[in-house]
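Which chain is which? They are A, B, C and D, in the order written, and residues in each are numbered from 1.
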Amino acid sequence: MAGFNKVVNSYQEALAGLEDNMTLIVGGFGLCGNPENLIKEIKRIGTTGLTVVSNNCGTTEHGLGILLFDKQIKKMVASYVGENDNFEQQMMSGELDVELTPQGTLAEKMRAGGAGIPAFYTATGYGTPVAEGKEVREFNGKKYILEESVTGDFALVKAYKADTFGNLVFRKTARNFNPLAATAGKITVVEVEHIVEPGELDPDEIHLSGIYVDRLIKGNFEKVIEQRTITEAKNPKQGA
Amino acid sequence: MAGFNKVVNSYQEALAGLEDNMTLIVGGFGLCGNPENLIKEIKRIGTTGLTVVSNNCGTTEHGLGILLFDKQIKKMVASYVGENDNFEQQMMSGELDVELTPQGTLAEKMRAGGAGIPAFYTATGYGTPVAEGKEVREFNGKKYILEESVTGDFALVKAYKADTFGNLVFRKTARNFNPLAATAGKITVVEVEHIVEPGELDPDEIHLSGIYVDRLIKGNFEKVIEQRTITEAKNPKQGA
Amino acid sequence: MALSREQIAQRVAQELQDGYYVNLGIGIPTLVANYVPAGIEVMLQSENGLLGMGLFPTEDEVDADLINAGKQTVTMAAGASLFDSAESFAMIRGGHVDLTVLGAFEVDVEGNIASYMIPGKLIKGMGGAMDLVAGADNIIVTMTHASKHGVSKLLNQCTLPLTGKGCIKKVLTDLAFIEIKNGKFHLLERAPGVSVDEIVKLTEGELVVNGDVPEMTF
Amino acid sequence: MALSREQIAQRVAQELQDGYYVNLGIGIPTLVANYVPAGIEVMLQSENGLLGMGLFPTEDEVDADLINAGKQTVTMAAGASLFDSAESFAMIRGGHVDLTVLGAFEVDVEGNIASYMIPGKLIKGMGGAMDLVAGADNIIVTMTHASKHGVSKLLNQCTLPLTGKGCIKKVLTDLAFIEIKNGKFHLLERAPGVSVDEIVKLTEGELVVNGDVPEMTF
């Protein structure tokens, strides 16, 4: 009798059932809030033919980028795919299929996928290459395009804290796409820094309900920083 | 120079600019999380011809119901409108126009209105009176109907706590439609129990960003309970 | 003999599985929570924004900010979470709730359900019922099999405005547990002491009876 | 003389108003934050999920979980709020951001903008730029007026794939502040020491010049 305890004890168990040619929805923005150990486990397993839906594709050395090295990704749906040498090569050679999707549309597609909304209209991308093949419709004198939602066989998510029921709390901008991805997976796997007992999280501070979470694992994180920018005394306002 | 300080000091100021025949989006579920003082102020002002979008229409004595007494509401968009004697009378006599909208669709319409999504597809209501006159479309073999978003001239919202910038924290199930309503108003007015200084709220615990809030006022609340149900020693599980 | 409200709830509760997230409608469905089998944990979703509904409060615990979808004061169970109404219906519409139990006026052989409106009589609105029936895969409708005057509520075609089209597969009445598939009702179980004939007589829509129909056990 | 990057940022900053929520793109737009006029408060939105971006951190403050849309480490100002990406773009798409400043490769007389892709050369993706240009009412595009070889970037029709269609009304280049309306460019201001003729020569699209065009002041 497991009840609502979602905790698993190995990354192997966390990704049990992952197969070639599946679709993954992956949280994170750049390397911030990446489910980095789950990604490493996929590299270890060697699953191939993957369709990956995520805002970015990591860097050459980190995040989803490491799956490109072994050509595990067949198709990437993302809003921005710089910072990775292998990416451009594989895209140019036709080995990698890429579907560039505006960031806000991508976020909304994940949310809609999790929320049972099959499609929605957005002005984003109207009149651009993104609109090709998509319905255009006018509402109140403005043009919008129809975008369909996305769901995945697996969602891979990084959160900060969870109770064993899978209720999640994210931290700062590591939240980004993670709660959205979590709603859109048939099997949602979440790795976190801290696991507490049910009742220890204030129900009002929970960012995402455990109803979306299937498996939960405690991990250790590298948290690589892409652009380490520090305040210089002589120009303190630059960061703003 | 007001900067981001949204605090106003009177309910009169909070509703300045409210005119006859405007559309209001109002938070609350039953009498829980009602912007009760803002509603009382509308009764005092006597604004008429209002279109009100809210999950319910209060009771005979409380909440939005008090606006029915003086026939201030011309049209009500809601999911459930029991608990109010005047409502049925005015609806039957044709004085009050009613658009019944499924609760989840209503919530999503408000969110979409605030999020610049003019319309979305949902299975909710397909094949029912709600679908009349609406487009039906099939996605992946299932039928959906097209629902358009809502926005209002004013949004009236109740939150628990705010900083002066209008960052909001809600409490328990008094959250309900309030953060959604807040996004969908041209002018969003929020009444709260506590106002603190910017920086006093943990940015990770804020439920809704102050960017949506135009005016903020501290109020005192009656918090009328519709169904006061208490655990009986002999049947402790009934509440579950 | 026809099941009591409590027995209907008790039979529905047998369908619960460990780890189920469940939404219980107002009326008989609410009673299901009283009969959760031993060794099984379920979490109750209340569509006004709470997952993990607890008991009714004591006098001291009563909190006007904490109610269920029936507007009753409640408490929260350990591991509960709170959210807004859009998020609540994202759960429901997105199919994340494992079981939904709700009442109805009528169901028919096509899986249609009418539960929210009697034209000219009852027009209070659908609340969250349309979202619940459209979003859930696993729904059990609880209702009386026929009116007091013996008029069947399991029809060839619903006569009242629909709450949902083609979305009901299981109905538990005071007389029978019935599955809806391929445009027909299928008799799975009968209430103790109720004959198949009696059920057939009170079922307007075509009812398939296969072999011996077992009595419900409690 | 053509404006420096800093001067472009400085001129844009004059368009800020007290209480503005502002999204600044990567590059020159980021510099705008350095020139917020005295007595004016603005809050910076970063589309990866932060409203109220603060200074770059000190060594001690660096936090891998707190970055901006350019993936740089940042801090939070008092009154900041954090949210997920769907919520962030709800703000943007819903028109709640008061001013968006972003760069471009080309704009044209119809208010079209190309800023994300050079086929065969630069195909990294649009990030949030398409959402920003489609969602904001008030956008200022900052760019150089022409290429190093004197080829205008203010065109009759954009040649590169569009980021947005008909959504740009204001452009600040190193030479001029220009408004786009009724299918034409309109010269509002010129950079100090830059002649109207010079601007006309480097503007491919029709440029309307009305009377004396004032020089920008700083």
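As a working rule, a contact is a pair of C-beta atoms (placed from the backbone, for glycine too) under 8 Å apart; a residue touches a chain by one contact, two chains touch by 3 or more.
Note that the coordinates shown come from a computational prediction; the quantities given were computed from them, not determined experimentally.
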What are the chains that chain A and chain B both touch?
-> C, D
Shared touching partners of chain A and chain D are B
Compute the centre of every chain as the mean of its C-alpha atoms, then state which one is farthest from the centre of chain B.
-> D
Whole-angstrom distance, CA centroid of chain B to CA centroid of chain D, is 36
Length of the line joining the C-alpha centres of chain C and chain D, rounded to whole Å | 55
Let me have the rounded angstrom distance from the C-alpha centre of chain B over to the C-alpha centre of chain C, please.
-> 28
Where chain C touches two or more other chains at once, by residue number | 50, 76, 82-83, 89, 92-93, 135
Enumerate the residues of chain A that touch no fewer than two other chains.
-> 108, 111, 115-117, 122-123, 170-172, 175, 203-204
For this assembly, give the contact graph shape among line, ring, star, complete and other.
-> other
Chain-chain contacts, ordered by label, are A-B, A-C, A-D, B-C, B-D
Using the touch definition up top, name the residues of chain A that touch chain B in the complex.
-> 108, 112, 115-123, 137, 139-140, 142, 144, 148, 169-172, 175, 203-205
Please give the residue numbers of chain C that touch chain A in the complex, ascending.
-> 18-19, 21, 39-41, 43, 45, 50-52, 76, 78-83, 87, 89-97, 135
Any idea which chain A residues touch chain D in the complex?
-> 29-33, 55, 78-82, 88, 91, 100, 102-108, 110-111, 122-130, 143, 160, 170-180, 207, 223-232, 235-240
Listed in rising order, chain A residues that touch chain C in their complex are 1-4, 111, 113-117, 163-165, 167, 183, 197-199, 203-204, 206, 209-212
Chain C - residues contacting chain B, complex = 33-34, 36, 44, 46-50, 53-59, 62-68, 70-77, 82-86, 88-89, 92-93, 112, 117, 123-131, 134-135, 161-166
